[in-house]
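Labels A, B and C are assigned to the chains in the order they are written; within every chain, residues are numbered from 1.
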Amino acid sequence: MSDAGRTLFLHEDRFFDPEPEVRTFARRLYERTSALPLVCPHGHVDPKILATNEPFSEPASLLILPDHYILRMLYSQGISLESLGVPACDGTEVETNPRAIWEIFSRSYHFFRGTPTRVWLDFELAAVFGVTVQLNEYTASRIYDEISEKLASPEFRPRALFERFNIEVLATTDKATDSLQQHRAISQSDWGGRVIPTFRPDSLFAISNPGWRREIDELSRRSGRDAETYDDFIKAIEQRRKAFGSLGATATDHGVETPRAERLNDAEVRRIFDGALTGRASSDDQTRFEAHMLIEMAQMSRDDGLVMQIHAGSLRDHNTLVAQGFGPNRGGDIPVAAEFTRNLRPLLEEFGNDRDFHLILFTLDESTYTRELAPLAGHYPAVRLGPPWWFHDSIEGMRRFRESTTGTAGIYNTAGFNDDTRAFCSIPARHDLSRRMDANYLARLVATHVIDEDEAHDMAHALAYDLARTAYKLDANG
Amino acid sequence: MSDAGRTLFLHEDRFFDPEPEVRTFARRLYERTSALPLVCPHGHVDPKILATNEPFSEPASLLILPDHYILRMLYSQGISLESLGVPACDGTEVETNPRAIWEIFSRSYHFFRGTPTRVWLDFELAAVFGVTVQLNEYTASRIYDEISEKLASPEFRPRALFERFNIEVLATTDKATDSLQQHRAISQSDWGGRVIPTFRPDSLFAISNPGWRREIDELSRRSGRDAETYDDFIKAIEQRRKAFGSLGATATDHGVETPRAERLNDAEVRRIFDGALTGRASSDDQTRFEAHMLIEMAQMSRDDGLVMQIHAGSLRDHNTLVAQGFGPNRGGDIPVAAEFTRNLRPLLEEFGNDRDFHLILFTLDESTYTRELAPLAGHYPAVRLGPPWWFHDSIEGMRRFRESTTGTAGIYNTAGFNDDTRAFCSIPARHDLSRRMDANYLARLVATHVIDEDEAHDMAHALAYDLARTAYKLDANG
Amino acid sequence: MSDAGRTLFLHEDRFFDPEPEVRTFARRLYERTSALPLVCPHGHVDPKILATNEPFSEPASLLILPDHYILRMLYSQGISLESLGVPACDGTEVETNPRAIWEIFSRSYHFFRGTPTRVWLDFELAAVFGVTVQLNEYTASRIYDEISEKLASPEFRPRALFERFNIEVLATTDKATDSLQQHRAISQSDWGGRVIPTFRPDSLFAISNPGWRREIDELSRRSGRDAETYDDFIKAIEQRRKAFGSLGATATDHGVETPRAERLNDAEVRRIFDGALTGRASSDDQTRFEAHMLIEMAQMSRDDGLVMQIHAGSLRDHNTLVAQGFGPNRGGDIPVAAEFTRNLRPLLEEFGNDRDFHLILFTLDESTYTRELAPLAGHYPAVRLGPPWWFHDSIEGMRRFRESTTGTAGIYNTAGFNDDTRAFCSIPARHDLSRRMDANYLARLVATHVIDEDEAHDMAHALAYDLARTAYKLDANG
């Protein structure tokens, strides 16, 4: 068959174990969950898309540029970010013809074989855009035209897609100092879609960062409270959490290299904060301040009810050349080993026994699944495990997560799925993959007589829908 | 079907791969081992049960309270330890109605779906107690009555169960200063069951612990030798090991957070010991003393022949609230990363090349299986690998253990199975699961033509029976 | 059946998943690659074997003594190295009768059940030597005679085997100061086999090692340049790399306990080097010097095009008794945890964005596959992942490698297979196992509809052949 004519086809049994008994159970379990609404409690979609509801412009800027999974793979194969049209920080000229970018990508599509990116993209092409031939250098142009045409139609406006995707709720991730203007616009519009912000204060705690002082000024401005003492800083943060909550936020998010928590005494934390204000914060000060603020955040969550998420273990901007040349989130973040048992203990000692406080943990270090995370979630009332994250939201990554955590934590101490994406059109693809992998995992438990099929049906429903709603307290604010 | 009427049924092919070829081999291999006597060389059953042979009182205190797997899961789901009748250290009133405790547990039984606890419990209910309906809130009371009635009958006395379980030998774990009165009673009785102690001296080495001084007094009393100098301390320990040996002990056990071994020079160890006696032992002193004593214990094992077990990597009593409120072993222990290669080297340099010295290693850090433990066991004559431990004695944990260690260490450098339980009635369930998982592992090797079926039969027998006997030197003392 | 008469039989579906659909795809994929030439870009065969082309003497010295996998397993089971004829450093008498050694080995062959050694050995016996009965104590002598007879025939001379094995290129590993006399002899002979050296300078960087001074003298002698200043040392190394290149080398190799890279400033590195020359290098100096030299090696590779390999994480000669008694590579090396993300960053900052610089990473710490290595290879243009190494080149190890790395790095950032062996006759066995495991991995992807079968055929070819050629730049020098 010619490469130009290969059919693109989403097999109905895709990702299921080929063993007939397992496959049969998996099919039945997946049928139970495939049409459930999508609960999206954590992700990085730009709310402006849904606030303005303007048509997406064309395929490359929609599907390639916001996707650091794609950028990193192409870059690893020697394709420059300039040729992909990634804007250079210094204004260097980069490719501006989206069709040329699309063709590079299409020509390189085989590099993604065996990766989740390929799985998601094929789903988007076939199920979202109705493309019927496989993407490659021969079909690139034809598919580009086909998608472009669709994007111009009303059915492909963001809100129409939101509804077609059957999204029940979509949480974005927003700086603590964000104006929340887009969220306000959505909530004040006559559109009924539930789009909520998530409070992400990381940059407020990076006290040795040259830009930190600007963050404090921004915080003061937004909160209407001069955040120039530690006490006012805390009060301003509380005010911002309240502002997020009033627009529907149910959660906060904390990205940390190490999940270290340690309460400093009052004098110490004030000394560090005051030093930081005058530009005298060492990197050690920052480490200690961040560890302290993690506990403060837990305490505020205990008080205001916002669910606390910790995403640990990414060394951001490992590739300085890429970070300085093209900014963050271009694929140059690399994981490091993480330690939770000792690092989180002070936080858990204070708040871990409170079932109303929800702490959702994410890791990039899979060796912590059985060793630390499942034992923590399988004991502390507050702790739940977030789904396999980032480098691990693949077929095998999802399999390893369930196989590693269920024995100790069960499934009812996990937080269901979240898609964690900035690529809006990949949302249904990601939920579909997760629901299929969970169906397949449960099917194996049924086929090996660990659970009954009716139990598996309950569990499949929980994993696809209920657990995310409960863990993220989405019912209360629905 | 109504929830009150679901049949409880142990499928004959449970836990076997559903692929028909693998399943067929697995069945045949399991048939070979299912009726072999149970060798139980490491566990935590209270010997008093078998010394007095009194009837068990009722289901909750038999099946729920001694099982920290159950307590931790229920606690993680927000169920208080008070409501489960766990005695509070400060005398706070807790639930005393065992039927109420049983009902909470039954109502929460779905939380255990996919965990080994569920697998063990279903086996106990069905195979030990003859229960024929699934446990849930509707059947709780009926099953409670059914078990209670059985417990009152002679067939369910501890010794009768011991015989029905076909236990060939059961090792308990006992403090170095234990009176061994229960073991003496058993050995002096006319009952022929082989129940032996295991020498566990951890608390004697915790020199910075406030209770340590009391341990030394106890040691002096038990050994009849004033253990107030390091030399006498050593001699008293040797005396206790001999006392254990005279009651059939073949092994010692050492629980350590880190498996660090390092011989101190004489002056140093004496200085630390003397300091400890006067209450001046720092936590650093303790770390060094424990590392030194690990080598001393190896040397004594080399000399007196007791098999040395090291269980590494549990951070005990991580949850202070639970530990202070309800004591140890309530589910609040959390693993930490372990390092064996460098830490154990000094011990292995001295004794690792001696095939008569048996050192059995256990880990809670699965990343050490392929990286450190299998290479150590696959080289040092003294080293054997203990079975997957605690959080890892699940279906997937057992699979990972064999898949990770066999390539480098083979199976003949592993120590067979041990059930490691304080829940007496779960012993056959745990051996059954292990024998099934090993049969299934070997069946895959046969089906993929890595070994022949007759080799697999030899290996299945070794894994279920011979290796534990050899590793723990149980023949010599039989 | 009597043990003396069991047929040795390589099943045509060996190592393939027994599920019929997967097995069918695996067969077809393997058919595509099974006859491809063997590309052997990294290994430890002694080039003298092929330079002299003398007949191998007898089975024990050919198959047992050079194989540390065999020695370690036998030693772990209490069989002394003396009884295996391993020469003792102090001249102690050891077994000299090869037939006796062979019989010990044959009697112990069951210890290898489930290990890759057994898989390789069976392949060698059956496919290389035409043995038709299984090896055990009863058949030992007969098989010994059969192999001995064959070794005396012209068809079993090294070069004849090289051709029969269909080796396209064989890289050896050679000290930086090696005379390369054997390689020169091969290249000047009329034989057309492509055998190339690999530059391994580790011992030149071990500045605190008592033998280091001798290494420097040797370097001076070989390079014809007095390497007594740091600048001359660097130039001498450049000269040696050139000499290696002129005999066809395309790569360097670096064995490090920790993959730490850090550039020292000029004054510092000179101070350390000068100190080392006068015997005043501390172990800390050595650590820093090695970290610095890793960056120097990367820079030279960038300049002269030699592919850079880093093999990290082996603690060599862990068992001092064995190392002092019998020398290195007797099975007493034990892995340690490795950290790549932070350690390699300085090197990657300088050279990681250069697609013409090839850096191939190997680990003994599988927890780094998903956490560090796949993310590094899936981003940096220079980085490729070497195949599962040493303790991990087993059936399960190969499976884990692909399942762990493909989701993030794909297959096109991996470097294909290398056999890494000093056991010449095991080369085809190792490639066969790798090709089968890759076929099986891809077959599962096809059966679960992740990729199409024609894509799998492309990928199988790449994994078996193309990727090694590209990663090691073997085309350019072909």
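To be clear about the criterion, contacts are C-beta pairs under 8 Å (C-beta built on N, C-alpha and C of every residue); 3 or more make two chains touch, one makes a residue touch a chain.
Because the structure is predicted, anything quoted here is derived from the model rather than measured.
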Practice prompt. Draw the chains as points, connect those that touch, then say whether the picture is a line, ring, star, complete or other.
Written response: complete
Item to complete: Note whether the interface between chain A and chain C is symmetric in residue numbering, meaning over half of all numbers used appear on both sides, and answer same or different.
Response: different
Worksheet item: In whole angstrom, what separates the CA-based centres of chain A and chain C?
Response: 40
Worksheet, complete the sentence: Check: chain C positions touching at least 2 other chains come out as 19, 367
Worksheet item: Which bits of chain B are touching chain C when the two form their complex?
Response: 19, 21-22, 339, 341-342, 345, 348-349, 352-353, 355, 367, 370-372, 374-381, 383, 403-404, 406-413, 444-445, 447-452, 455, 458-459
Practice prompt. Spell out the part of chain C that touches chain B in their complex, as residue ranges.
Written response: 6, 11, 13-19, 72-73, 75-78, 110-116, 118-119, 313, 315, 318-322, 331-337, 364-367, 391-392, 394-397
